[in-house]
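You will see subunit A twice below: alongside subunit B first, and alongside subunit C after that.
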Partner chain A sequence: MSFLTVHGLRKAFGPVVAVQDFSLEAERGEFISLLGPSGCGKTTVLRMIAGFERPTAGRVVIDGEDVTDLPTRARRIGMVFQSYALFPNLTVEGNIAFGLKVAGIGREAIATRVKEMLGLIGLQQLGGRYPMELSGGQQQRVALARAVAIRPRILLLDEPLSALDAKIRVSLREEVRGIQRELGITAIFVTHDQEEALALSHRVVVMSEGWVEQTGTPAEVYRTPRTPFVATFVGTANVLPCRIEAAAGKVVRYGAARLTAGQAVTGAVGEIVQFAVRPEAIGLQRFEGASNSLAAVVQDTRFLGPVVRLRVMLEGGLPAVVDVHGEGARDVPAAGAAVHLWFRPESLQVLDRHGHGARAAGSGPGGSSGP
Partner chain B sequence: MLVSRAGVLTAMGVGPFALFALLFLLLPTSNLLIGAFQDGDGTPTWANIAGLLTPSVIAAFRVSIIVSAVSAVLGAAAGLAVALALRGDAIPQVIRQAVLTVSGVASNFAGVPLAFAFLATLGRTGLVTVILKSWFGVDLYASGFNLLSIVGLVFTYLYFQMPLMVLVIMPAVEGVKRDWAEAAAMLGASPAQFMLRIVAPVLAPSVIGAALLLFANAFGAVATAYALTGSSVNLVTILLFAQIRGDVLHDPNLGYALALGMVVVTGLCNVAYLRLRAFSDRRLR
Partner chain C sequence: MKGGTLWRRIVLGVMGLYLFVPLLGVAEFSLRMRRGVYSFDAFAAVFADGRFRETFLYSSALAVVTVVIGMVLIVPAAYAVRLYAPRLRAMVEFVTLLPLVVPAIVIVFGYMRLFGSQSWLPLTDTEIGSDALLAFGYVILALPYLYRSVDAGLTSMDVRNLTEAAESLGARPWTIMLRVVLPNIRTALLSGAFLTAAIVLGEFTFASLLNRPGFGPYMQLLGANRAYEPAALSLVAFALTWGLMVLIGAFSGRRTGA
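What follows is the complex of A and B.
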């Protein structure tokens, strides 16, 4: 059994359903990101795990203990808030010691633990300062130390870095991850920044409009996106609607072009299925290729440093994006040039044809591994 | 020395305030200070100050300070409770707004109208007094209550002290973030521990500051007390009023001394308040 099991969480605020159906199993020490655009329900999921919101439905089980009906203070959960939420009347040391004090731990033990925590976040010199006398990055470190000082079973982080500027954000995220790894604590990290999620996590849960779109390792979510939303939200993708040529075959048709997918496509002959192709998986050819070749006209080109990004118009009027890197980037076709796009069958990734509702009814594979 | 543009602009901005302070604060205060040490003919004397030490004046200061302090403490406690109750998402916005509006009106309700309102309800023949007596058999006045007394005065003052507290303390109470409560709960603290260890220390300077304001507010009040009790309750302001009104007690220079004494009391309040703020500034601003 997993260390953390979240099953069928749902939260309605009056007519607004913030979270539709959220399930997740996390192993001890795992670092999991909830990734999705603003308003998709990430914070609400975290707040239900923390016990700040009462789920409309669903259970939260930590280490075999069902905590769904427990108040927050009995859950032994550490949380880091986007706003830091440090106590302004207490010093850095006072903030870190707060949870230990209310737990009735002895003075000596508290002093030792506080010192250890200050070392962990590298702020040994600033223990006597008040929160208002610290930078944003320092405050967030203190908030992290305060949360882990109580040795929580789970660490919840709600966009802890989003109020910081870009440079600090990157260095602090590595620090957060390092501390999490060092303590071996199970962490759920909320972010709307796909790069952050991919860089840090063992697994990523991609959410949209209250639904889990997909759960998987960063590579799985990026390479084999399950839905059009995941394909386009995590990285850039071209989504092609194609028609099934043969039942259980790999061959589909986009307009007149015949395309071969990496795996067999289920569905009735004639049915339209969405496919994703990453811009970097596409090559350019002067002549039509034998297979997986799409005619297009270059609209414009953009130099982005490591790659040159071409916006092209496919036959049939669908816009697409192609990234050219390496030597080819020195000599890309100009706007107006007719080109042929080419990609490997493995790069043509089939997407779920159903929306959220269908998945809720249980027809799809879903993102989670509920019991 | 060159005067910078910014300097000129600053002077233009501060100028009117400086003039105002000079005309209505510094001049009257120095006039008061001088008058307190002169007799009717302008000859320097300690007689007025000595007059402050007579039993009736000392008693007046005592009663004034007691009435002000008690109404300030009770008003602050009740107002704080209301403000805390209005905090958060539990109370609908409409009710919050209504309470704040009523507070705005009630905190300014003083003087003759307030005295009349209380006489008409809790006076010897007031509506509530009569209803309590005839319907419930509770005789307020027989049980020792008297509106025209120190207790009655405190009671009446509470009518504007409590709403004033609500208005004054609301911003500070709203500064207590929901996140703090959640962080405390996450760290294992009970609501009581959160109140004691976080909310109380954070709000203490504001609450004490507001209570001092309430004290000064009651200490300087004269119209309500005079309209309610005439001169049956011996307050400094009523005594002062008697000195400058021109009846038998007429002695403007003792009046100056009384006013000076009041300035000293309110001044001490201000010093206490400023020290308090300097103490809390480091953590909260």
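What follows is the complex of A and C.
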């Protein structure tokens, strides 16, 4: 049995259903991110695991113990909040010691543990300061130390980096991951930032409109998105509606172009299935293994530093984007130029017609989108 | 800019005159008890009066009881409304404002009907019963000020997240109230307490109609029968109120957690 089992969680606030049939199994020491846009239900799931919200249905089991009906204080979880939630009337040491005092631990043991935690977050010199005297990054490190000081079974992080500026976010996320790894604690991390989720996690759970769209390693979620929502929310993707040419075959048709997919496509002949192609998987010249080709006209080009992004119009009037990097980025076709887009069969990822994301992303003709 | 500064000074000057001229007049009059010279005889007479000490101590004790009852009722209520029933906040605010709309005399006559000799709970039959009734009445009178102070304190402390943070660290509701909520609204509690004390010390209607020896009825009695002492007593009461206000300001200025 997994260390954390969340089974069939559902949460309704009156007529509004915030979370639908959410299930997850996490092993000891695993770092899992719940990724999705605002209002997708990720924080509600975290709050149900923490015990702040009571599930309408479903169970939460931690280390073999069903905690669904237990109050938060009895669950032995550590929580880090977006707003830090440090006690303003207590010093850094007082904040870290709070949970230990509540647990009735002896004074000497508390002092030792607090010192250990201050060392862990590198704030040994600031133990006597009040939260208002610290920067945002320092406050969040104290909040993290306070949460792990009580040796929780699970560490829950609710968008802990959202209130920080970009540079501190990157350094602090590495610190969070380092501390989690060092302590070997199971962590559930809520974020709407795909880069954060991909960089930190063993596994990512992508959510939309209360449903789980896909669960997988960062590479799986990025390279083989299962639904149009995942394809377009995690990174940028071109979503192409293609017609099945042969039952259980790999060949499909986009307009007049015949394309080969990386895997066999299930469905009836003539049925429309959506496929995703990442902009960086497309070349403007034929390259090794690139057997798929689509004609397009360049609409405009954008210089984004490491890459140049081309907005193109495919035959049939579908917009798409192509990322050109390396030496090719020095000489990209100008707006109005006719080009051919080349990509490998394995870059053409079939998307789940029945995925919840199909509804979330709309059932239009496709197109490209992404952050 | 110069014209603006002059205008500001004129407005402030007029306001200062409006506030301080009557006060200076009262002060001057209070010093004229001895014919032909200024003296503190009126103040001495007031302080020498046993009823002054008795009524002042009585009202002070009642102020403490009122503050304690008020806080015990209002802090958990305001906290619960914020945390568990935020939609009721507007309604609760409205209810707490009612004592400003309903005259004290209406409330006290209501009490006398409800808790008088002929009622099922004749609190007015005994001194302790009347004292309790007076304290409860004062809690009602102080409600708008107490609730607002506590609510402002809760607004400034991010109640929900701090409560949840404490819960996640294993704290029980009682611990959260004592170690998280109360220390973080300390300044607001003190403001509410001092305002309540100021109200109770000067209150007349409740104490008079319930026939209790409060400081308010004593001031009225003195005012009706003496010439110079009421002026001196007014200044004493004014100084007490100002002292409480200075204390509010001093505690408000203190850094949280310091």
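For this structure, a couple of remarks:
Please note the rule applied: the second predicted complex is superposed on the first by the 348 of 371 C-alpha atoms of A that agree within 3 Å, B and C clash if a C-alpha of one lies under 4 Å from a C-alpha of the other, contacts with A are read in each partner's own complex, and residues count from 1 in each chain.
Following the convention adopted for this analysis, a residue touches a chain if its C-beta (ideal position, glycine included) is under 8 Å from a C-beta of that chain, and two chains touch if they have at least 3 such contacts.
In this text the structure is predicted, and so the values were computed from the model without any measurement.
In the model built by aligning both structures on subunit A, subunit B clashes with subunit C.
By the document's definition of touching, neither partner reaches A:15: not subunit B, not subunit C.
With both structures placed on the common chain, the touch criterion links A:98 to subunit B and to subunit C. Of the two partner chains placed around the shared chain by superposition, neither subunit B nor subunit C is touched by A:336. With both structures placed on the common chain, the touch criterion links A:270 to neither subunit B nor subunit C. Residue overlap on subunit A between its contacts with subunit B in one complex and with subunit C in the other: 50-52, 71-74, 76-79, 81, 83, 85-90, 98-99, 102-103, 130, 132, 146-147, 150. Within the complex formed with subunit A, the residues of subunit B that make contact are 177, 179-180, 182-190, 193, 197-198, 201-202, 282-285. Only residues 50-52, 71-74, 76-79, 81, 83, 85-90, 98-99, 101-103, 130, 132, 146-147, 150 of subunit A touch subunit B when the two sit together in their complex. Contact residues of subunit A toward subunit C in the complex are 50-52, 71-74, 76-79, 81, 83, 85-91, 98-99, 102-103, 130, 132, 143, 146-147, 150, 156.
In the complex of the two chains, the subunit C residues touching subunit A come out as 157-158, 161-162, 164-172, 175, 179-180, 183-184, 186, 255-257.
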